[in-house]
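You will see two complexes here that share subunit A, one where it goes with subunit B and one where it goes with subunit C.
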Partner chain A sequence: MLGRGLLFVAIGFAAFASLAAPASARRPELLVAARRAMVAAAIAIAGSAVLLWYALFARDFSLSYVWASTSRAAQPWYTFSALWSGMAGSLLLWCLILAVYAAVFVRTRSPLLRPFVPWAIPVLGACVVFFVAITAVFENPFARLDVVPADGRGMNPLLHSPGMVIHPPLLYAGLIGLLIPFAVAVSAMVTKRPDWIGAVRRWTLVPWLALGAGLVLGGSWAYTELGWGGYWGWDPVENAALLPWLAATAFVHSSMVEDRRGMLRVWNVFLATAAATLAVFGTFLTRSGLLSSVHAFAESPVGRWFFVFLGVQTVLGLSLLAWRWPMLRADDRFDSAVSKEGLFLVNNFVFLAAVFVVLWGTLLPLTSEAIWGREIAVGPPFFNRVFSPLAAILLVVAAIGSVTPWRRGSSRAIVLRLTGPAIAATVLAGVTLLVTRRADASGVVWVATLLGATSLIETVRAARARGAATGSSTRASVAALLARNPRRYGGYLVHLGVAVMVIGFAGSLFRTQTQVEVSPGGSFDFAGYTFVYRELQRFSPPDKDVNLAVVDVRRGGGAIATLRPQLNLHRNWDQPQSEIAIRSTPRADLYLILAGTRATSDDTVFRVHHNPLVMWVWIGAVIAVLGGLSAIALRPRRRREASTPATRQAAWTR
Partner chain B sequence: MQTESPDTTTPAPPRRGKWLAGGGLLAAGVIGLAAWAAATPGAVSYFATPSEVAVQGDAAMGRTLRVGGRVAKLDRDGTVVRFTVTDGSNDLDVHYAGEVPDTLRERTDVIAEGTLAADGTLHATRVLAKCSSKFVPADEMDEHFGAG
Partner chain C sequence: MDALILVGVLLVLTAWVAAPLYGRDAASATDDATRARLDALLGRLRELEVDHASGLVTDDGYAQQRAETEAEAARLTQRLDQVDPNGTD
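After this line comes the complex of A and B, so read on.
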């Protein structure tokens, strides 16, 4: 089969590149060959993916994967996304994204990054070889059926959503991209080159942003499709993607300290390794069967190989770190804890603490079974409780860090600059306390406002100062600030977005829900709204039975919306699937689920959620993504004050 | 491990001591935080099969349990879902009035989380249909796990 053959070709190319690139120190032409081989590997994998896409669109049901993931009735978008709807195909997508990252990376024109390419290639090449081999050997997406069925079974109806088209590729782009900073870190260790952090700036920000956006999209998908009324449930699969993001966020912050002050070198190598390892670990968790049970894991060959890969990755990262420890000496020392770098370090510790508790909680069912022979699990109450104080510390530290200079800050100046935000935060928190009588909500509002206001005020202040100096308008100055120092002001925009999201999270403290059974024509009251159940429509398109309820929502006498939740039964799947109806406003979401119907009458069970402030989670995420994008798109003006390159080079070549 | 360069004036031991103390304090804080969070009511649950619940009897009453097994006899009528979880040798009746996952069907694997009532029924507060990440239909589940 050509598709599978191409995968083996890709393995060959990647293996060649991995061997040729390190040898290029003596024979430079080998580097050219290695680069071309990495590109060729990517083309071969892309060819394999295109063949699978072709088979999906051509409805070639002789392939087991095509039969399982598409059907004649499937719409083009869901035929396209069918590529990653199953294990074999999603591994192929993983390989494709990895190979494309590697191919773009080896062709980099950045003079800062180029010295790291020869030794980064073996790392990336080994990853390509490993993942493609897993796919081709254990999970062949091109496996054939003995008898060709007339029609495919199709994708699970739960996956028929726009989220399915965007979310998995974005999440994968985030997870896999974290392998690039890791590969460059390994290369820096091997070749004793100091300046890898600055070179890899964008290659860190891109996956970090993609992963963050992927997490939010996943949350919005769960919220609008799965019908449990929430966007985050501390599910092990969600945690698996959150862990590398936490490590990557720590890395994004601490890499600024190294870039600016030449400190935290060991720490950064460690974080790059941790983020990449957790990224692979996340894939491993969701793909190995380890989460459903230890026994399923033991039976899955993919799981065991993943385990080996993770072991090699961790040992490689840590032993390189130990080997080059003497060379990772900081250029400089901390002058004071009251400094940007000091606060970045606090930020890092908190992120790392978050990684540990989430990891511990996620793996507890496995470790407890192994140690005590008794499976113990921790649920959302644990994670919420352990995460809230850590998040609060992070927001406050971010606010203080924004107004603290490098090297040594004066506590007096910091307090002065935080006075405005603190007053705003205290006023809003006070109002929240009066209105809601909830101390926890008031606390969340305080920390979120402190950070949001600090980010806004600092940006406006800098823009005004610049406007006064150059005579341009404040708005033009904000754009100029972003262009001049995208890392700082893009970062402030991200912080503002996060603060807005946190306000949205606070809304979940005030969620209410109810369940009612009404007949058509009847009505019920909930959360200050009146729901009038107009009618139940039942109809049967070819593949399913649809129950569609028409419900008018009234408030204060006037109709404000008509909601149409559905409950569909898919015949191929013998599975009900809910289509939730949501009315979203900045104040709150009304979230209506058609939970069930009686067989004997049109009496219908509805579940209604009143979810305050959910929209602000999405608005905040959009702001944060815009901030992240501007930090990536705009090139920073490079500036260093710590030490001269010559002394740093000396430290490395000693 | 760390080689002290000549220009470093601070002697090593006090700095290392400070780092160790700080690290220890931090680790203690994190562990304390985790322990405090784990003490939240309902945060920790014990996994059990229906047979284990049967053996424990009254001892399991009132405790937060996660019972895993295969769904038999699912009744979705009205606002309440009742089903039986079986592990082949013992059954446990589950009573549930919350969000029902779409993937919950007969012959699928399920984890029901809740407390055991005096009549021996599990009053579930959360129901997770297993294999939701794999999205495999019921007949194929049988291939994986052997028909009930």
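After this line comes the complex of A and C, so read on.
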């Protein structure tokens, strides 16, 4: 009762904040009270979450959610992550993250952001009221069972992964965080202040980075747990998280144009609305059971309420946009298409096309059934065929954009600056073509190298220029550049990481796999390796029956690894689950699955994948995240330059 | 017992939230936003200098953008000097 009661307390405080904040124009103290009310709502939701965690760790199986999500044999980490392993708990986590975001946001000290707080609070407060209400009313995580079982069913075995501890919170932090720029955009429209973009920069980068990292972690989880050999399957729920990330990436780029040139104002309000709406849409897809997916929760009544919320959010955003259209006129005009802002616009159109393609493909089963009466679905081949050219254009545009100045660039100068990266890209692509005889792989290597080399060379070039002016070393100058302009040079690091990831993606063109049945003591050859099946071990811990195969991997006569894949039968779930054994090297992954065993003997079916370059996907992601963190965490080193007349003058004349 | 705790939490949080309604508003008018904008402009000037030195921006482009940035910065500086003649430090 206490846990659910705290949720209703949170609804009360969030509702009060939503009403009090707009009234603060007449009574300023109401704004202070509204801010505190948002913090109080967060405290109440955190209290509710802590109570559910306590129930999970205390194995209080009188709660239906605890019974369904954990068992006495569960390890502490999986007991912790059980909070978000089911629909009710994951909604509670959603509410908690939203409330924490809102509480931190309303306490902002940023002078640029503070004017937007009074009208952003009603938006965030309404979101808190909505999400907490559907949790408390339709998906109460504190619902009790009539009879208390001795043990719980436990979490779905597929969720027994270290990634499960981090991936959902990170993904939610990304999706939910996109509501903050939306709330500020609404506030800007209501208060007629078009200068919101610069204020919301960090509040956009944080969810954008969290969502990107969450997507990669999700890919890593799929790769190591699901046992189909890949990390991205264009699953509807994967797509649902990708869509807001694509819109947010477009927004991250176009917001720079508005910040710098006072242009694309309408476009930015639209993108902030689109990113936030797609974030809620993604949650709607996961929660409604509308589309089947390995990630989706069972069908639930909350789906229709999400649909209503989506409608209100979209109508609100677009109505405000229409209402304030005259205010959103650009301060300036495009001087030339050959300019950074011109290329950012191209980048935005391509991102929007990518959003459309993914949305269309994801919803096709629904739309086709509604229009033609039969369900048509598209799979990875469709998405790969349509998405890949768009991604290639984006990489090339990003490379050109890195060497193009604001306002007007010289085509000749741009070509000259791209010559070095283009030569490097052509050499690597040529080598790839010679070795693989695959034009598609060669093309991927070309665009990725062009972007990666451009990012590196431009950073070094700027560092040298700075070093020449200040007398510092190139390494010190790189650090100084990053500290002085984290947005640009953090961005180059992100581009470099993306380029490395794309090289990793190219490896998927050369995946091979085989399936064999072999007896202990037997062996088989695949992809230049010899696999010697040493033995099958069978044992039974409290919650499952384990089959563990020991397989030695040899190459050129020498042993290089021993792999131990498992096939487990979880008794409470009555379903087999594979623990995949992976030998990962920069060149390729060997991915070994124990697919089945004979009941009467130890003969075993193995599925083996040879996945080239997968490690580079993860390395590239780490580089990109570091770049994103630099852009967020480093503050430009000029904070106090405008504090006093003396420092203002000094900064000016330096 | 649960009901008692819930009422206690509700009362404590309500008292904390409502306290500002019975106190004095200590908010003061400052021109922090202008100061932040001026800082951003000065940062933009530094970026422009690096771009010019590395050859990304031509001499003409540099002169034009520098003049525009300086004009905007001068306007903001003038405004700050008027509202905040002694500075905040």
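Descriptive notes on the structure:
Keep this in mind: the second predicted complex is superposed on the first by the 626 of 654 C-alpha atoms of A that agree within 3 Å, B and C clash if a C-alpha of one lies under 4 Å from a C-alpha of the other, contacts with A are read in each partner's own complex, and residues count from 1 in each chain.
Basically, a residue touches a chain if its C-beta (ideal position, glycine included) is under 8 Å from a C-beta of that chain, and two chains touch if they have at least 3 such contacts.
Not measured: the values here are computed from a predicted model.
In the superposition on chain A, A:87 contacts subunit B only, with no contact to subunit C. In the superposition on chain A, no contact is made by A:367 with either subunit B or subunit C. In the superposed model, A:228 lies in contact with subunit B only, and not with subunit C. By the document's definition of touching, of the two partners only subunit B reaches A:386; subunit C does not.
Within the superposed three-chain model, A:470 lies out of touch with both subunit B and subunit C [touch as defined at top]. Shared-chain residue A:601: touches no atom of subunit B or subunit C. Once the two complexes are overlaid on the shared chain, A:407 sits against subunit C while remaining clear of subunit B. When the shared chain is aligned, subunit B comes close enough to touch A:376, but subunit C does not.
In the superposition on chain A, the residues of subunit A contacted by subunit B and by subunit C overlap at 651.
Those residues of subunit C whose C-beta lies close enough to touch subunit A in the complex are 2-3, 5-6, 9-10, 13-14, 16-21, 23, 25, 27, 30, 32-33, 35-40, 42-44, 46-47, 49-51, 53-58, 61, 64-65, 73, 77, 80-81, 85-89. Put simply, subunit A touches subunit B in their complex at residues 85-87, 153, 155-156, 158-159, 226-229, 237, 286, 292, 322, 325-326, 329, 333, 349, 353, 356-357, 360-361, 365, 369, 374-379, 381-383, 385-386, 389-390, 515-517, 572-578, 595-596, 598-599, 605, 607, 651.
For subunit A in complex with subunit C, the touching residues are 1-2, 5-6, 9, 13, 16, 28-30, 32-33, 36-37, 40, 43-44, 47, 110-112, 114-115, 198, 260, 403, 405-408, 410, 413, 417, 458, 461-462, 464-466, 468-469, 481, 484-485, 488, 636, 638-648, 651-652. In the complex of the two chains, the subunit B residues touching subunit A come out as 1-3, 5, 10, 26, 29-30, 33-34, 36-38, 40-47, 66, 76-79, 97, 99-103, 105, 113, 126, 130-131, 133-138.
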